[in-house]
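One structure coming up, written as structure tokens, with questions to follow.
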Amino acid sequence: MFPPLQDLYRIGPEIVLCVFGMLIMLIDPFVPAGRKRSMGWLGFAGTLVALASLRWAFLNRGSAYSDLLRMDTFSLFVHGIVISVAAIAILGSFDYLDNEKIQRGEYYALLLFATAGMGILAGANELVTAFVGLEMSSISTYILAGFRRTELKSNESSMKYFLLGSFATAFFLYGIALTYGATRSTRFDVISNALSSHAAGALLILGLGLIFVGLGFKVVAAPFQIYTPDVYEGAPTPVTAVLASGPKAAAFAVMLRIFYTAFGSTSHIWFWAIWVSAVLTMCIGNFAALVQSNVKRLLAYSSIAHAGYILVAFAAASEIGVAAVLFYLASYAAMTLGAFLIVAYVGGTGERRLDIADYAGLGTSQPWIAACFSLFLLSLLGLPATAGFLGKFYAFSAALDQRLVWLVVIAAINSVIGAYYYLKVIVSMYFWEPNKDWTPSPLHAPMFIALLLTAAGTIYLGILPDRVMQWALASARSLH
Amino acid sequence: MFILNHLWVIIALPLAGSMLTLLAGRHWPKKAVNLSSVGFPVLAFASYCELVREFFALNPAAPVIKDYFTWMVAGNFRVDFALQVDQLTIVMLGVVTFVGMLIHIYSVGYMAHEDGYYRFFAEMNLFMFFMSTLVMSANLVLLFVGWEGVGLCSYLLISFFFTKKSAADAGKKAFITTRIGDWGFTIGILMTFWLFKAVDYQTIFAKVANMPVEGMHHWGALTVICLLLLAGAIGKSAQLPLYVWLPDAMEGPTPVSALIHAATMVTAGVYMVARMNPFFSHSPAAALTVAIIGAVTALYAATIALAQTDIKKVLAYSTISQLGYMFLACGVGAYAAGIFHLMTHAFFKALLFLAAGSVIHAMGGEQNMFNMGGLRKKIPWTYGTMLVATLAISGAPLFAGFFSKDQILFDAYAGINANFLLYGLGTLGALITACYMFRLIFLTFHGKPRFDEHRVHVHESPKVMVVPMVILAFLSIVGGWFVLPTYFGGKDSFQAFLEPVFAGSNALAQQMRPGYVEPPHSLEYEMAAIAVGVALLGFLIALYLYILKPNAAKKLATGMRPIYQLLLRKYYVDELYGAVVIGPLIWLSRNVLWKVIDVGLIDGSVNGLAFLSRRVGGGLRHMQGGNERSYATWVVIGAVAVTVFFVWMVR
Amino acid sequence: MVPISYYIILSAVLFGLGVVGFVFKRNIITIFMSIELMLNGVNLAFVAFSREFNQLDGLVFVFFVIVVAAAEAAVGLAIIMVVARNRKSLNVEDVNLLKF
Amino acid sequence: MSVAMLVFFACGVMAVLGAIGLILAREPVHSALSLVLVMVALAVLYLLLGAAFIAAIQILVYAGAVMVLFVFVIMLLNAGVEVRTNLSLLARWVGIPLAIVFLVEMAYAMSREYGARTAMAAGGTAAGPVPASTQALSMKLFTEYVLPFELTSILILIAILGALVLAKKEA
Amino acid sequence: MDGALVQNQSYVLTVLTFFPLFGTFALLLLKGDDHVWIRRLTLITSIIEFILSLFLLRGFDLGNGSYQFEEFHNWIPSLQIHYHMGIDGISLFLVLLTTFLTPLAVLCSWKSIQTHVKEFFAMLLVLEMGMVGVFCSLDLFLFFLFWEVMLIPMYFLIGIWGHGRKIYAALKFILYTMLGSILMLVAILWLYRVAHTFDLPAIQFMLSHGQLSLPWSTELLMFLAFMLAFAIKVPLFPLHTWLPDAHTEAPTAGSVILAGVLLKMGTYGMLRFCLPLFPEAAHRAAPVIAVLAIIGIVYAALVAMIQHDLKRLVAYTSVSHLGFVVLGIFVFNPTAMEGAIYQMLNHGVSTGVLFLVCGMLYDRRHTYEIKEFGGLAKPMPILCAFFLFACLSSLALPMLNGFVGEFMILIGVFDAHHFAWATWAATGAILSAVYLLWAYQRVALEKITVEKNAALPDASTRERVILIVASVVILFMGIFSPLFTHRMDATTNALLQQMRATASYEARARQSHSLTPRVAARQQNAHELAMRSVSLERRAQP
């Protein structure tokens, strides 16, 4: 009658995150205004506990709650990504929130809830559950995006994100409805059985298309990438960091589950959609970034481009392809988090220093920050011995394994085009004369740790990627 | 048999001298420099004498070859650093070491007041080294080493006064022009290797010996090789059409002109042709080409010499023309005669230059003959020696030049590959030679002084300069007496000595012309008489124009101005080359290759691509217009596109 | 009786009109309303299908949709209020600080 | 033309008119009211489909709470007449055609699907449906779908939190 | 697959490759303003590195045509990527060249680098690591890794310590190269898809034993992809425009390394990958490439002739000389090939010296404009003497190194019956004389035109040391070439032999119409099999 105890383990991470979120909400009112940082540490503790709880989840893997949710290696992997993202983002947010005078407990609570939602997404084995998880993460991120309430840009970003997000969600929902109508169920396994018994009808495929719209919006696949630059630019930078890494990972996870497990047998239909979308995404991201002078926006475009690379691996629609997607998500999370955190740090109070020119001479005034940033940029660029290169390498090889030569060639050329704007930032950091009028704010421990972790991750995944690759492969296998 | 077993000594000595002087000489006093830089050539000559002694004692039929180390080896290609000595080498080496030594001694006096003294001698020694390598090499590639090496030294020494633009230009011109010839030489070597899979003389001569002679009209590989090698020889020995560098080379110090551009280096081409005689004798076409080029050059250069005013320029053109005679000789198969002339020419031409140097020295650097005159009294030694040399070159009886040139003309007229036309050219050349040489003598030493006697204090040169001149003068007289016996029915000991080297070719020539009979002995005298007559005629013309009727020359010049101008301007060949080759090449390189293709086309397209992609980006960013409604529309577009596509897929 | 397909068509029409509204309205609030309209279309589809299959799941889904929609409404209206407060305008086309 | 059919068409037309009204009305309040109209019409349809409970919460939550919230906000911000700016050419020219295309393909898909299913659909209704009893519904909700249910509670929490964070005046 | 597959693992190369990194770390410990010790430390490191590299000569087995000093570890098993190092007759001397030029580069930037000294020398050492790594790595992935990583320090060297339009030059350099190498990456991945390994010897073995044969179209495309990367690096004729800019703006050390080593990577890559992996494509493409090379020889020489910027002139000469190398490679003749390898070394040294001299002139006058100079032989005879010496070696004067290489190449080309090619290529010798002597005249000879030149100091002791060392090497290589070529024989023969074998297998494969890639036991881990057979083969040859 009542679900067994293991089910609680299987949603352990979510439980932990939510509990800590509520804790924060409960304690927050009693914490004096000056001490709100403690809430952040509480949140950080939450993420650590959540990470630890993954262990139990791992020990009793399996499907939970009448198979609405699956805690398999795949889900674990994605959990790992999103929770670590949250942890690092929290570390990176402290100083920022202080500078912006918005140091409040709700921020951390929302972050935790959002992460929980992503976790649900990662494990969902049923469309409506996925929908609810999606909403959890989306709604909290809508709010986070608008967290700098007095800032017009922040409002605008939040508003656009909200309107377009719920618009896309509506499509997603209608897709669910149609799928339900076509297969009498919303559970992935049932759908795939239905598909294996008889071919996909128009209704089902229409549903799939609408689902693709909804999820494509979250993974910023062209032409649904359209909102990304504005939202990323307007949102508080640490939030942007999260947006670029966490929800994207979760959305890709659920997309994999839906397309690869549920609708796997219709891959010949959705493959081309992914192919075209991948090409568009890469090209739009890279070309538009060429002319950006605002680093934050530039990174937003670059995140579009990277979504494109991930889609290349996605298009492979093979086990290795899935593994490649997962590995790419991990490495991309590491480097983009680091990059955005540095943007947050350099941006200073009110995010005033976002232009490339503001980075001039960083190499001399702040060698270590510059070195880190260069590392992340080079990794985004795909320089060997960094996470970015291995990600691309794996993705391309997966795609080539399915003989997607042209797709890979396009992707490869794109990555060179991308090199230009990443190098442009490096140029300004090292080759331009430093502008004197700026005294860098001190680098506090939390941010330092955050950068250290991301940098370490970037290098680790670049030089000794094998363990993570094995995990990714195992997760891919665990999908069915 | 020390030297014969250690041939390297002969080339090592000058090299040692050069290195020593170059590295240490900078801070040495003059005496020390003299000691090292003159001492080593003297030693070299000494060892050469020893070599000759040993050689005659041994008197080997085949060349003595000493293989020292492998220089290049890759795949089936292999070149050894091997030296060899045979009769030809003995002769050449003699000329090189002996004349070289004398000129070194002379230079001690001549260069006394130049700065860069040590540099001069270092480079001279280096030249000796490379020249000896050239003549002693046992394979083509090593020959090429010496070949290029002497070219380098000539470059260095011509531009010795490098602060003078003309000198620098001349050096560069010399090197590059010869390089053009060497291009042919290189390909010739490549082709030789391709044909014989070897480059050392022994092998290739052995292999070529049993190849058929190639016809005059359908050429084979050998002919091509010979012509390519000939290109190299033309460049080095300043024959038509690559002679243009030699006159300019007179920018160098006079001893350099004497040693390099008269006695030794420029004769390398002749030496090479003689050395490769088995090839040329297998290719009548090539041989004829050699002869024609030689004869034409002989006449051509002589005519130019007629109108020159610079004393050294006259000598330069006369050198070109004399080299022409040598080529003519080789071309008609009279290699021995060619080498013979080479030797005698080395003596008297070196002497001429040294004497000219002495004149210039006396005149305090003046080189224009029209600003000289009447030096006879003031510098008697110079005058005497120079007169001897002049007699020798213009073929006065019993002087060295007489015999050698006579032999050449004889072979051209009655030799085994006789050709009357070539003989005619040669004889005409001889006439003009006598004419311009005596013109030189008269203008320089006779008549009234045409210079300000108070400003210029003419003085005889020091002993150290005079002595070598005297020695050379002596040799210019007796140097040709080897062949004296032939006129009394005796045998030509020089030819006999060189026989082993050219035997094959001569024999082959005999086969080619079975019907050929030795010309009657009386012919010798007739030819000699003609030669002497021609020389005399030339002398008389000069006498008439420059002594008896001093202003006749001017009249003549004004009378036939165009021709005079033509000769004075050396047939405008330099201008021609400048206008036809150099100018266009530079224009092409700058305005087409660089500005248009490199910067415009290639780089332009690259940058254009970058620009284009930025424009595309600029266009794409306008997709993000900031208006939420358009964003929504994009989403709808995407949705419709995807769904329509999907539904169409399952239709 | 009424064929289910009628209901589905109706839901599609409502959904489509919602899309049209979303694209064409300028007032942020009404734009949001058209999202609600779309959701209503979805709900109708769910109910109709569950009716067709004699299943309750569809109804449960509707339940969830409504709840989520309510939550969204709360947050959305809050966002709209902030924007309106700071911008003194509800016209979505005035909100274009972020572009290019 | 049975009664059911009559009711369906009545409500259907009402709903569509409401939707169109929502789009055409320039006063936000009118739009809101027309949306309420749509909802009510749908509620009736739900009843027609035998989903009493859903119809109930449709009225209560939707037409009741949510729309009231809307109207409340409209009043609060006293949103005036909508100004018809047309800054987005894209939306202006591409919007309508796209929507039409979308509807057409929906219709197409339906026809394709239901060409096969009409019999079944009729049968479905003919077989006399088990009335969707609230008990059965809640049974499903609290057993099979308990997880999403709990999640929605978190969701509501988030919503509250968000509304708090965003809307409350600066201290 | 463990290291045991490779007999007696050697760690020399690993040490050699990563030793400079220790120097870098040591540098980072030093204080930034302690310039003296920073320089000394770098110099010491690079010299030790050079001495270490000399040990390679001792252990090197002349008779063995395959790879030596091999080291093999698993690295990324899930992608069949291994850490596989090893050298043969081709890479041996390139490694030596690298380790030899680096100290010179350090010395020549002793005074001229005054800003960010620490970073500069750190970059230099990192660069050295990258270069040595490229020459030593036998795993395609590893190779590509070094290949790309090496770009970054070079990019910084040009961008930070360069002059003029340095940023433009740096960007151009790196983008050009990346664009080239990215397609090579795709090709590498495709090769992996077919061969299931990145291990070069294994792939070579499979190809030459018919266990793997590529369809013609695939082979051609992959060949082109690899070739593009290398041709840009060399640079081959139409792809050369990055070079003059990069050289002109780079600091002296940068130019020396760039010309001395980086360009060689292109030709090295052709020898190491294009020929053995895609022999038939190489054969069919040879005419085109050779013609491009010859065009490069003549064209670049002509363009160099009329440059008014000394460094740019030297840069163009590189294009011309590398044309010879490419030509020598693509006639598939042992003589030409060894000549080509030898010419790589020669060009490295001679052009290195030329750039060093340019740098020394720049240190004195802060310009490369030729018309700013003239008559320098008076104030600085020694410097000019070495300048002339370098020119002579570069214009292939016999008994200097340049001649040996060029002559071998020409002999080989001619011997392979490509008469026209040889003839045209030989014109390069004339033109090189033209532009070099002309340049020398305008710089060193004639009257002093700019009076401030009259007071310029002659070569300092440090500069003399640099120049003398380099010149001695030039002379030595010009006279004792067999010492080098003997060590290449086995490798070149093995390479050509392997090309023949592969080509024949491919021909057979084509005849049997089995155009799809077929690998023995491709399904389950062809790699294992290949590695085993490789190791067997190794055991066979003592």
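List of remarks:
In this document, chain identifiers A, B, C, D and E correspond to the written order of the chains, with residue numbering beginning at 1 in each.
Following the convention adopted for this analysis, a residue touches a chain if its C-beta (ideal position, glycine included) is under 8 Å from a C-beta of that chain, and two chains touch if they have at least 3 such contacts.
For clarity, every value in this text was computed on a predicted model and none was experimentally measured.
Where touching is counted per the definition, the chains common to chain C and chain D are A, B. Summarising the inter-chain layout, the chain whose CA centre lies farthest from the centre of chain B is D. Centrality annotation: E (chain centre taken as mean Cα position, compared with the mean over all protein Cα atoms).
Note: centroid distance chain B to chain D, computed from Cα atoms, is 104 Å.
The distance from the centre of chain A to the centre of chain E, each centre being the mean of the chain's C-alpha atoms, comes to 42 Å. Centroids of chain D and chain E (each the mean of its C-alpha atoms) stand 70 Å apart. Centre-to-centre separation between chain B and chain E, using Cα means, comes to 39 Å. Each of the following residues of chain B touches two or more other chains: 621, 624-629, 632-634, 636-637, 639, 643, 647.
Annotation for chain A: residues touching 2 or more other chains are 128, 132, 135, 139, 142-143, 146, 149-150, 158-160, 163, 167, 178, 181, 201-202, 205-206, 229-230, 420.
For chain D, the set of residues that touch two or more other chains comprises 87-88, 91, 95, 98-99, 102, 105-106, 108-110, 113, 145, 148, 152, 155, 158-159, 162, 166. The chain pairs satisfying the stated touch condition come to A-B, A-C, A-D, A-E, B-C, B-D, B-E, C-D. Of all residues in chain E, only 75-79, 116, 141, 144-149, 152, 155-156, 159-160, 166-167, 170-171, 174-175, 178-179, 182-183, 185-186, 189-190, 192-193 touch chain A in the complex they form. Residues 172, 176, 238, 240-241, 299, 302-303, 305-307, 333-339, 342, 375, 377-378, 392, 397-399, 403-404, 407-408, 410-412, 414-415, 417, 419, 422-423, 426-427, 429-430, 433-434, 437-438, 441, 444-447, 479-482, 485-486, 488-489, 492 of chain E are the ones touching chain B in the complex. Contact residues on chain C toward chain B in their complex (touch as defined above): 19, 22-24, 26, 92-93, 95-100.
For chain A in complex with chain C, the touching residues are 128, 131-132, 135, 139, 142-143, 146, 149-150, 152-153, 155-160, 162-163, 166-167, 170, 173-174, 176-178, 180-181, 184-186, 229-231, 233-234.
The touching residues of chain C, when paired with chain D in their complex, are 1-10, 12-21, 23-27, 29-30, 32-34, 36-37, 40, 43-44, 47-48, 50-54, 56-57, 59-60, 62-64, 66-75, 77-82, 84, 90-91, 93-94, 96.
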